[in-house]
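What follows is a pair of complexes built around chain A, which joins chain B in one and chain C in the other.
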Partner chain A sequence: MSTKGQMEMMETVIALLVFLVLIVLGLVGYGYYMQGSIKDLKQDEQVERSLLLMNYVLNSAEFQCSNNNIVKVNCVDMRKLVAFENLRLDYRELFGFSRIGVREIHPGVEEVYFYDESRGNDKFVRSVPVLIFEGNYRVGMLVVEVYE
Partner chain B sequence: MKKGQTEILGIVVVVVLIVLGLLFFIKSPSKVETGNFEVIYAGNTLGVILDYVPYNSCQEKNIGDLLRDCRFECSAGDNTLDACECPCEVAKEEINDVLGKILEEGNFRGYYFDGVKYGNSFIELEENCKDRVGIFGPAYFVGSYEFRLKLCK
Partner chain C sequence: MLKRGVIELPLHWIMIIIIGIAFLLFFGQAGFKLSETFKNVNDNLLVLDLRNVFLSASANSKTSSNIDLELENKVIKFEGEKFFVEENGKLVKGSKLNQFVFGDEINKNRVRIWSEAFELPFKVVNFVFVDDGKGFKIVDYAGNLGRNVKDELEDKGFNVDGEKVIKIVNGDNACLGSNNEDVALVVYYEEDEIVHGNLCFYKNGDLKGEKEFITEELIYGAIFSNFEVYEVLYDKAIERLINVDKIYEEKVINDNCRVRIDFGDMERYRNNVDNIISTAKKIKEQNKDRVRKCGYVY
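Let's turn to the complex of A and B:
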C-alpha cells in the first residue's frame, strides 16, 4: 500500500518532528539559563547595594564618631543613630528597601535598627564589626539587610 | 547535490543545534567577588579591636595604646588585672573576648593576631588559625609598631 512517495513523506515528517523537539529543548534550556542569570544579577545587585550602604553609613557625618574635628574610623555614634530615626523618610531614596542597624556584642548585647523599610522575605544580609560610641565605646556589628 | 550529501548536511545542522543548546547550560561565574569583602571585614575587625577602650582601661587608653605599654611587666597577681599595672594582660584578655564574639557573628572560625615592634613579635594570640590559610586584613602601623590579624574559616 505504501508507495515510495509516502515513505519519503513520512521521513520528512519525522525529520521535522525531531527538529521541533530539538528547538523546544533548546528553548527550555535557554529559559533555565535566563532564569539562573537573572537570579545571579539580582544577587549581585543586592551584594553591591549592601556594600554601598555599609560604606555610606561608616563614612558619613550623619553617623560617624568625631571629637575635636577628628573622625574615628569604623565607629558610629549611637546618639546620632537615635536622632536619625526621625529623619528616616528623607533618606528613603538613598537607602531604598533596606533595614540598617547596629548590634552590640561586647560587653553587652543590644540591637538598634535606625532605618527600617523592609519588604517581603527575600533579603541579603551583611554585617561588619564597628565601634559604637555612647559615652563609652562598645564593640558591635553594623547590620545591613537589603531587600529585593 | 546528491541525497547522501543533503542528509549529511542535515546531521551537521542537528549537531550544531545540540552544541548551541548545551552552551546555554554552561553558566558564567558570578561577577561580584566575596574575597574583597572578607579583606575589608578583617581590616575593620583589627581597627575596631585596636580602637576599643575597655571599661577597666587605664586613663581611657584603647587596646592599641595598652599593647604599646606591653613593655611594662605585670606587677600584680594573676587574679587582679588592673590595666595600669598589667596593660598587656588586660589587652590580651579583651582581644580574646572581642575576637571570640566577632567570630560568632561571621563566617570565620579562627584568628591569629600578632604585634611586631622593629621586626620582633611581642604579642601573639591565636585560635585554630596560625598555620592555616586565612584572610589577612591590612596591617595597622602605629609608630614603630605593626599589628596584623588573620581570620580563618
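Let's turn to the complex of A and C:
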C-alpha cells in the first residue's frame, strides 16, 4: 500500500514537472514570437519612414525643380540640394537618423548626399528614379537610407 | 486506509484546480489580449490611413476629393500639428503630421480634402484642408474677397450653407467681442496684390485668439481649422518660407546671373507682415526681370 502511495505521489510529481516544462516551452516560444513581432514592427517603421522621407523630398519646395512656380514632377534641383546642406541642422527633427542623396547614372556617375546623419549598420534603403537639374537635365536615383 | 485515501484525493484535486485556474487565466488573458490587439490594429490602421491620405493630398495642389474613412463612433481632432483619435471622449491614438493639415473636428465617415499651394511669391508648401461636410457659411461679403472665398469653396465641393459662420470684412480692425454667438471667425482684410489682414477666432461669442494672415490660402487655413491649429501652422509656414528663401539665396549666389534678387531677407522680417509682403512683391518683379537674361529662379 505504501508502494502504491509512493507511486501515485511520483505520478503527481512527474505530471507537475511535465506541466512546468510545457509552460516553460510555451513561454520560450512566446518570447521568440514576440521578438519576431518587435523586429517586424521596427522594419515596418523603417519602411514607413523611408516612404515619408522620399515623398517629402520629391514634393518639397526645398528640393523640387520649378519654373515660374510650375513644378516639374520627380525632379530635384541640384543647386537647391547644395544650398540645403547649410540648413541641414534645421531638418534633423524631420529627417532623423537617415542619409539622403542623389546618385547620377546618366550621362555621368556621381553621388551627392545632402543630408547625412547615419548611425550603425542596420538600415533600410529605398531609391527611385529622378531627373536631376543643374542647367541641364540628367538621370539619376534619389536614395533614402533610414537607420534604426 | 481511509486516512491515506483522504490525503490522496485532495492532492489530485488540488493539481486539477491549479491546472484549471492556470488554463483559465491563460486563455482568459489571451482572449482579452486578442480583442485588445484587434482594436489596437484597427486604430493603428485608421491613423495610418489618415497619414497616407494627408501625405498624398499634400503631394499635389489644386486637387479636391472625397475620402471615405471607417470612423465607427470615433472622432478625429486636430491640435497644432497633431491629430488625435478619440472614442467616447477617451483618447485612443494620436500622431504628429509633417504636412500642413488644416482641420478642426471630424466625426463623419465621408471627408472632403482639398490641397492648395502656399506661394509668397515662390512656392513654399502645399496646404491641405479637411472638412467632414459640416460646412461653412460666409456672411457680410461686402467686398470681393468674401464672394471669391465662397465661390472657391463651392467650386471645390464644400458645403457653403453649413454650420461654421465666417464674417469677411473689408478694412483694418482690431478683434472685439462678438455680438453674434454663431460667428466662429472674422476676417479683416486689406485689398492688395497680396491679400493680408487680421483673423479673429471666436467660440460661443468669446474671443479665443487673433492672428495675422498673408495670402488667401491662409484664410482658408483659418476657415477649416481653429485658433490652436492655425497659430501653430502659421508659425510653421513662416518658418518654412524662411528656409526656402535661404535656399534660393544660396542658389542665386551659385549661378552667374547678374540680375539681383532680394532673397535672404525673410528671416529679418519674420514678425513683420508688411515687410514680408513688400519683399515678396520685390522678389516677384525681380524674378520676372531675370527671365529675359537667365531664366526664372523659382
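One rule holds for everything that comes next: the second predicted complex is superposed on the first by the 146 of 148 C-alpha atoms of A that agree within 3 Å, B and C clash if a C-alpha of one lies under 4 Å from a C-alpha of the other, contacts with A are read in each partner's own complex, and residues count from 1 in each chain.
The rule we apply is simple: contacts are C-beta pairs under 8 Å (C-beta built on N, C-alpha and C of every residue); 3 or more make two chains touch, one makes a residue touch a chain.
The model shown is predicted, which means the values in this text are computed figures rather than measured ones.
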item	value
Joint occupancy of chain A by chain B and chain C, clash or fit	fit
Following superposition on chain A: angle at chain A, chain B versus chain C, Cα, nearest 10°	90
Which superposed partner A:A15 touches (first chain B, second chain C, both, neither)	both
Touched partner set for A:Y32, first chain B, second chain C, both or neither	first
Chain B versus chain C as contact partner of A:V112, first or second or both or neither	neither
Lowest C-alpha to C-alpha distance for chain C against chain B (Å)	7
Set intersection of chain A contacts, chain C complex versus chain B complex	15, 19, 23, 48
Complex interface listing, chain B residues touching chain A	10, 14, 17-18, 20-22, 24-25, 27-28, 30-32, 34, 37, 40-41, 44-45, 47-49, 51-53, 55, 62, 97-98, 101-102, 104-106
Chain B-facing residues of chain A, complex	15, 18-19, 22-23, 25-26, 29-30, 32-33, 36-37, 40, 43-44, 47-48, 51, 72-75, 103, 105-107, 126-131, 136-137, 139, 141
Residue ranges of chain C touching chain A (in the complex, touch as defined)	1, 4, 8, 11-12, 15, 19, 22, 48, 55, 58-59, 98, 117, 119, 121-126, 240, 243-244, 246-251, 254-255, 287, 291, 295-296, 298
Chain A residues touching chain C - in the complex, by the definition given at the top	1, 5, 8-9, 12, 15-16, 19, 23, 48, 52, 55-56, 58-62, 64, 66-69, 71, 77, 79-80, 82-84, 86-87, 90, 94
